[in-house]
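Okay, so here's the structure we're looking at.
Letters A, B, C, D and E mark the chains in the order given here, with residues in each chain numbered from 1 onward.
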Amino acid sequence: MSSTDPNQTVSTEAAPETAPTPVDHEPETNDSPPSKSSGWAVFLFFMIGFVGSILSGWILFPELLYSKKDQPIDFNHAVHLDMVSDECNSCHYFRDDGSFAGMPDLSSCVDCHEEAQTDDPEEIKFVDEYVTPGIEVPWLNHSKQPDCVFFSHSAHVIGADMSCESCHGDIGTSEHTRVFEENRLTGYSRDIWGHSISRLGKPEAGEPLPMKMNDCAKCHKEETGHKGACFQCHK
Amino acid sequence: MFPFCFEWAWDMSHVVFMGALWYALSIIGAGLTFAIVKSVFDSAGGGHDDQDPGHH
Amino acid sequence: MKIDRRSFLTYGTALVLGGAAGSMLTPAPWKLTDDVAIWTQNWPWTPVPEDGEITYKQSVCTLCPGGCGINVRLVNGRPIKIEGSKDHPANKGSLCPMGISGLQYLYGPSRVTSPLKREGKRGEGKWKKVSWEEALTAVAKKLAELRENGRPQSVACITGSDRGTIPNLIGRFLTAYGSPNYIRSANAQDAIEQAIYLAQGKQGTPGFDIEKADFILSFGSGLLDGWGSPGRMFNLYGNQKPAKKIIQIEPRLSDTAAKATQWIGINPGTEGALALGIAHVIIKESLYDRNFVENYAFGFDDWTDDNGKAHDGFAKMAKKFAPEKVSRITGIPKAEIVSLARAFARASKPIALNGRGHGSVPGSIDESLAVQSLNALVGNINKPGGISAMPDSNYAKWPEVNIDEIASKGMQQPRIDGAGSEQFPNTRFLLNRLPEIINSAQGESPIQALMVTDANPLYTLPDTAATKKAFDRIPFIVSFSPYMDETASHADYILPNHSYLERLQDVPTSTGISLQVTGLAKPVVKPLYDTKHVGDSFIHMAKALGGFIENAFPWDDYEAFLKETLNDQWRKFKRKGVIEIEHNLPEPLAYTFNTVSGKFEFYPTARNSATQKENSALPSYTPVPIEGDVQRFKLVLIPYDSIRLASGYMANAPFMTKTVDDTVLKNQIGLLEINPATAKELSLKEGDTAILTTPKGKATVKIHLYEGIMPGIIAMPRGLGHTAYSEYLADKGTNFNELIGPIEDPTSGLDMAWGIRAKLTRA
Amino acid sequence: MKEKNNHKHAKRYGMVIDLDKCTGCGSCMVGCYSENNVPFKTDETNKLDSINWIQVYKITNGKPFPNTEVCYLPMPCMQCDGVGKHGHSPCVSVCPAVATDYDYETGIVSQIYTRCFGCRYCMAACPYHARKFNWWDPVWPADMEKYLSPNVSPRMRGVVEKCSFCFHRYQLARDKAYYEKREELKENEYQTACAEACPTGAITFGDLNNKSHAVYKLKNSPNAFRLLERLKTNPKVYYLSNKRWVRRAGDNYLAHEEPAKIKQKVNQHH
Amino acid sequence: MKETPLIPAGVKRCSTWQFSLWMTAATAVLAWGVYAMILIWWKGLNQTNMNDAYGFALWIWADLAIIAIGGGAFFSGFLTYIIGKKELKNIINFAVIIGFICYSCALLILAIDIGQPLRGWFIFWHANVHSMLTEVAFCLSCYFAVLTIEFIPLILENPKLNKKPFLHHLSHNMHGIMAIFAATGVFLSFFHQGSLGGVAGVLYGRPFAFREHIFIWPWTFFLFTWSAAACGPCFTILVTWITEKITRKKLVKQSVIQLFAKISGWMIITYIIAKTIDTVYWAFVTAPGMGFTLMDFYASPTYNIGILFAEIVLCGFIPGLILITKRGRENSFLLMTAVILAVIGVCLNRWVMVLQVMAVPVFSFNDWYTYWPSWQEVATTVLPVAYGIIVISLAHRYLPVFPQEKELNPID
């Protein structure tokens, strides 16, 4: 802009003359040796910051972001799956109006667990703390979508004939509950974002699929050829 | 905004609009990078490369 | 490497820059940006309603006497919405805004959540939570004390309805206790039912077969503004509108008038004259039903009584009401009166109705009789499309009450309100007279203890100032209200009833319907708070009082009482939720009347003619007096009822108030409707603030210009100006009852005021 | 918006409101509030910051007493199809973040509260004032949060909301249809809350494309009109009135213009 | 801390305490605005008097207006770097600073104006490319980046900063490729000024705003760009004049001002002719087609036909005619009158396109909508003014903004 202005160049070049005192520390003085080494030091500090933040961003940050909670009861899906007649549907069933009941309530459990059937401490805890006083178990739902989402199980399971495993992974054959990781800011389960903090790469076989909107949209686009309307999944 | 965003669609309006946007952004980015990199070299080179200031 | 201030700054900057650059290559900033946005989408203070199984429960709405069937939607047993029940014979799925907002009463901020004992001064709002045991014992103790002093008659109870088992249970309690002062809140039914009783000799709820009528002549009845059973009226209007002609006669273009085939503006209080004018034309042109009038009616022609005294008949009296004269009185053009009379008489199933607005003010007996006579002229009595007296479905058969001596003495005392006295022999309840009687009593108040349930007299009685003064003289007031209404907030004890969705109750359907239907209100949810069924409270108190009173209540609780009452019908009732008794009398029986003459009496001999003009019991016309000096108060203020405003003992739900237009209420000030021509004379503009003065009170109002109101008349809605409940209701607009006083009908003692003189001055 | 219509049997859900039957009782408003978790404040008399998904206007013919007439006019979101091809409704095209969208399967204009960031451009675009802004955080006093429906998510401060034709009821009906392995919904399976709440049956709701639905016949009545048709918003809410002045009040006309003729002209374009 | 090394050599500045006093006053106003801003962010938009009928109000007007009057930056860049009017180099620094102030405030106001500021980035991430607002947001932020880039070398010319070789070189190198940035800025500006015009023009549900056929595209777009290009320089001239009055110094040679004013004058004249054509078509074809007469739009006491007269004649043709005539330009009173009128004109145009659009009733049974801003809205709208004063004061004091200053004000 002011490149035609001779005063500007003059003023910078004249600077050492008008202010000769601080020479010794100025990195800009061209030939003073300390400034060269401090150049490397600057670079070093830059790299310390650079590498430090990369490490903390990738390793520390996910640890801090999620709080870890145990399920109230260590539930064994595998054992139950062996005993029921209608697979997942036996406990996670559809109601007559087509809505999905989700987590079973106590009434589904009471038939068998009126009293503890084994000496499994978890079962005894379940009976003592929940069944006998009639308190619903506060299960932590790994797949819980926020309130703004309407998810139709019947559209997917009945309409599109999808299996439970295709989204939820092999939880049905698990013998123990997983640790529930909750995002401290949003309250979402980590499963929604996906276990990989970068969301890069594919989930391993048997792992539940991530369930952010983009994940839904991707599959919808592949399966139906269009991304669908907002109201299809929002309420 | 990016092709991997949910709302992205490859249609004419996206190509025109986003094209213009990315074009502007890349010019700004490239120009800025050029200026910074050149200044790093200029100042590291110290008095050796006087070419540019000399042109004033 | 020396670290001084300058290099520290440089290295620090390098570190920060490096950190910033590095973090860009990690998920942290991006994920945090996203998560912060998601946090705004799930703010912890934005509620997340719990999901679950959707179920429905049927019940009956008791928010007004309409008794509509409701269908409550529940999620995991939690009521979330009320819709009309398509299975109920009265409303067939239609429901008014009040009924739909019902859950706001259940969960609302004005609920009384436990028994309360007054702490500070009356109405100060300082309460102490007490246990049920303590509260009931305290009330029973007070009642026992009054009985011991030999004054059981000084206990009075005000209820909202006198039909169904709950009012009957309370009545039984008072009888056993020894007080005749069971008082039901007034409504239009009082005058109409009395007129029917006088003309037909039948005591019963008036039934209007609007379903089958094809020409409806409404003398100010707000048929679509909340009259009778609103659900029923809306349903009828929607389904049968094209087949019906509706003529609406009132000074203001109400919602009913707006939807009517024709609206006729009339000077307020002159409706009786118009009815007689119409009768005049019908008789003069011989358009009346000869068969009915000649064979089944008495007093149409002149007659001579047993003592040889000659009396004028109805026809002769109607002769005095020529259209010219009626036109002068009513302000309706003569030709319009004539054509209206012809259309009415020539319609195949015409019906004439009265009872203004919601029908909460009784009105004049003369007017009711005149309207009744119109129905008789067209032979429209006790037949499809006509009017009839509906006998109460008499399912309450309990053992006789044995009473002790104190009670017997108390019961022999005259009723405090004067109902049933020599002066008002045909009237059952006269709540409107109570404040004046208490206020004018020398020394102690004749009422020493007052119990109030399903009623809010401190709000609904005309002349609020006088009512409040009277209440202040009553030493002991108990409210059973589930809500902190005006009366409850002035009580000494509040023994909160369950809200209507939590309690069991039989609900006979409202006035006006020509079906005998009784609904069962079943609890759709377990009581949310520490409340008690009012029936249980009375049974509990009876047991505490002991002796004959206890013996009159051999039931454990209200449910046992209801079960025994309904006897063999209980199971069917419980299953279906509704008992319907078709009121379909065979034709010949329809024209049997229990009057002295055994006929329909145009000349109601049972009427106390001593108080009447020329000592004749005939329905004559005396203008309904309007209080106030004509010179000082140049305008006439009338109230209007709206379906969006509850004006009875139940107040508006927040949702209803939300629907109220800004031409009715703006900020906290009510708007007054005035004809633009009248406003111009007073140099008032739309939105101006003005002071409205009547002989009874003063209010600040805003001006709303409305072409749909007669010049010289101003109108404001009833149902505003509450002082209690919650911030969603209190201090909004003016309570019309503060501006008007009651005017006693000389024959019945009932309140017939529908307007008062007023003036407007710029604020 | 350019997306192709992939649905062979696309619906165009719409409404016909018979103004001759509407008594102005307000049940539709209250029914809507309670169905859709609409919040309320202590003072709702400023109608310009009061959230109503359907608002009943009171209009008069302007004639002096005794020739005055009143008509009540309930106004939900018109779910405009917009100029030209479907989907270019006034609001959808202006939303910068796709928080409002046109659903080609049903013709319903959606509003996603969690996407909306509150720029209010859609409100400026909508001539019907159907869109309402959450100026305040919603508050449900006492225990009123307990009556909230889980089928409609409560809105937070700072976003726009509007009538959705009770879309959640469509979702629930679809759920049931999937469960019963049906492709199509029956007419009565999906009804809006206002249509159900209207005690006089003035509101009829259904698929405007489906000849067997009641709305199909009603919309072709000579007494049918739409609001502000001349703006080419192409609304899916029709009105019926046998009163000429009411039909005229539904749009703007120059003194000499005849509504019926203008209507014909406008509809030719569609 | 001694100030002397910070002040460019060869120029005279007021004393430190005088400057501090001046800055304190401006900061106080700024603080008031910031307080209101925080209040709005904390409590939400209920702090404003906007409502459902007036969803766009004072802020959006302020936004549109400051973007229009900040148009001097892109237009002077266009004239200097693309057309080659080298004389304008003597004012372009200042134009850039004014532009920078206007655009940073425009972005800030947008951030205050939206109901969910923490989700504001959705406009970029989930962009709907059909929305005018998306276009505005993209171009606005890109152009703001350009303005920042244009401003940075000037900042680096501060004597103290310029001593660091890296910064010195950076400033130099950025200057070297400034034409490219300027060209990009012009391109972006043309776009977003135009799309701001489109913001109102596409509202086909609002008969007052809507235009048909070519009058929507490119006409409304063109009108906004053109008016910003026409009136932006006037604002630059006006602020220069004010700065000169306050500093009691001549900062830019009159010949430069004259040239700038002359170009602006021709721009105004051409713009207002185009605007007149647009208005006539709208009044006689578009509006009647929707059932409105012209007077329906001006039937309120506030929005009467005088508004149209003021916009087109008083603040359009009159300043335009003054500026294109040599005698008009050379008379300093007429020149400043014209400049002020032109600035008012463009602000009035933006006002009408935002607030009157909202006020006009669309239904035959509705009344005019009225709105009066709350103090919070006023405070946040005044905030940019205080911020602008502060930035200009700092820039003038510490940066070599006006190349001709030394020559015009030699120190003895």
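Criterion: contacts are C-beta pairs under 8 Å (C-beta built on N, C-alpha and C of every residue); 3 or more make two chains touch, one makes a residue touch a chain.
Just so it is clear, the model here is predicted, and its values are computed rather than measured.
Peer 1: Of all the chains shown, whose C-alpha centre falls nearest the centre of every protein C-alpha atom combined?
Peer 2: D
Peer 1: For the interfaces D-E and B-E, which has the higher count of C-beta pairs in contact?
Peer 2: Ranking D-E and B-E by C-beta contacts puts D-E first.
Peer 1: Based on mean C-alpha positions, I'd like to know which chain lies farthest from chain C.
Peer 2: Between chain C and the rest, the longest centre separation is with B.
Peer 1: Distance between chain C and chain E based on Cα centroids, please, to the nearest Å.
Peer 2: The mean C-alpha positions of chain C and chain E differ by 63 Å.
Peer 1: Suppose each chain is reduced to the average of its Cα coordinates; what separation in Å results between chain A and chain E?
Peer 2: The computed centroid separation for chain A versus chain E comes out at 44 Å.
Peer 1: For chain A versus chain C, what separation do you get between their C-alpha means, in angstrom?
Peer 2: Centre separation, chain A to chain C: 58 Å.
Peer 1: Could you state the distance in Å from the CA-based centre of chain A to that of chain B?
Peer 2: That gives a centre separation of 34 Å.
Peer 1: Among the residues of chain A, pick out those that touch two or more other chains and give their numbers.
Peer 2: Only 3, 27-28, 30, 97, 99, 146-148, 227 qualify.
Peer 1: Would you give the residues of chain E that are in contact with at least 2 other chains, written as numbers and ranges?
Peer 2: 116, 119, 122, 126-128, 130, 134, 165-166, 168, 172, 176
Peer 1: What residues in chain D touch two or more of the other chains?
Peer 2: 3, 46, 50, 98, 113-115, 137, 153-154, 156-158 - these are the residues of chain D that touch more than one other chain.
Peer 1: Going by the contact rule at the top, pick out the chain A residues touching chain B in the complex.
Peer 2: 3, 6, 9, 28, 30-31, 39, 213-214, 217, 227
Peer 1: Could you pull out which chain E residues touch chain D in their complex?
Peer 2: By the definition above, chain E touches chain D via 44-46, 50-56, 113-117, 119-120, 122-123, 126-128, 130-134, 137, 199, 202-207, 210, 288-293, 296, 357-358, 362-365, 369.
Peer 1: Which residues of chain D touch chain C once you look at their complex with the stated criterion?
Peer 2: Interface residues on the chain D side: 20-21, 23-27, 29-31, 33-35, 37, 40, 42-47, 50, 52, 56, 58, 60, 62-66, 68-72, 113-114, 137-138, 140-150, 153-158, 196-202.
Peer 1: Give the list of chain B residues in touch with chain A in this complex.
Peer 2: Per the stated touch rule, the residues are 4-6, 43-44, 46-47, 53, 56.
Peer 1: Show me the residue ranges of chain D that touch chain E in the complex, using the header's touch definition.
Peer 2: Touching chain E: residues 1, 46, 48-50, 57, 59, 83, 90, 93-99, 115-121, 123-129, 131-137, 156-160, 227-228, 230-233, 248-249, 251-254, 257, 262 of chain D.
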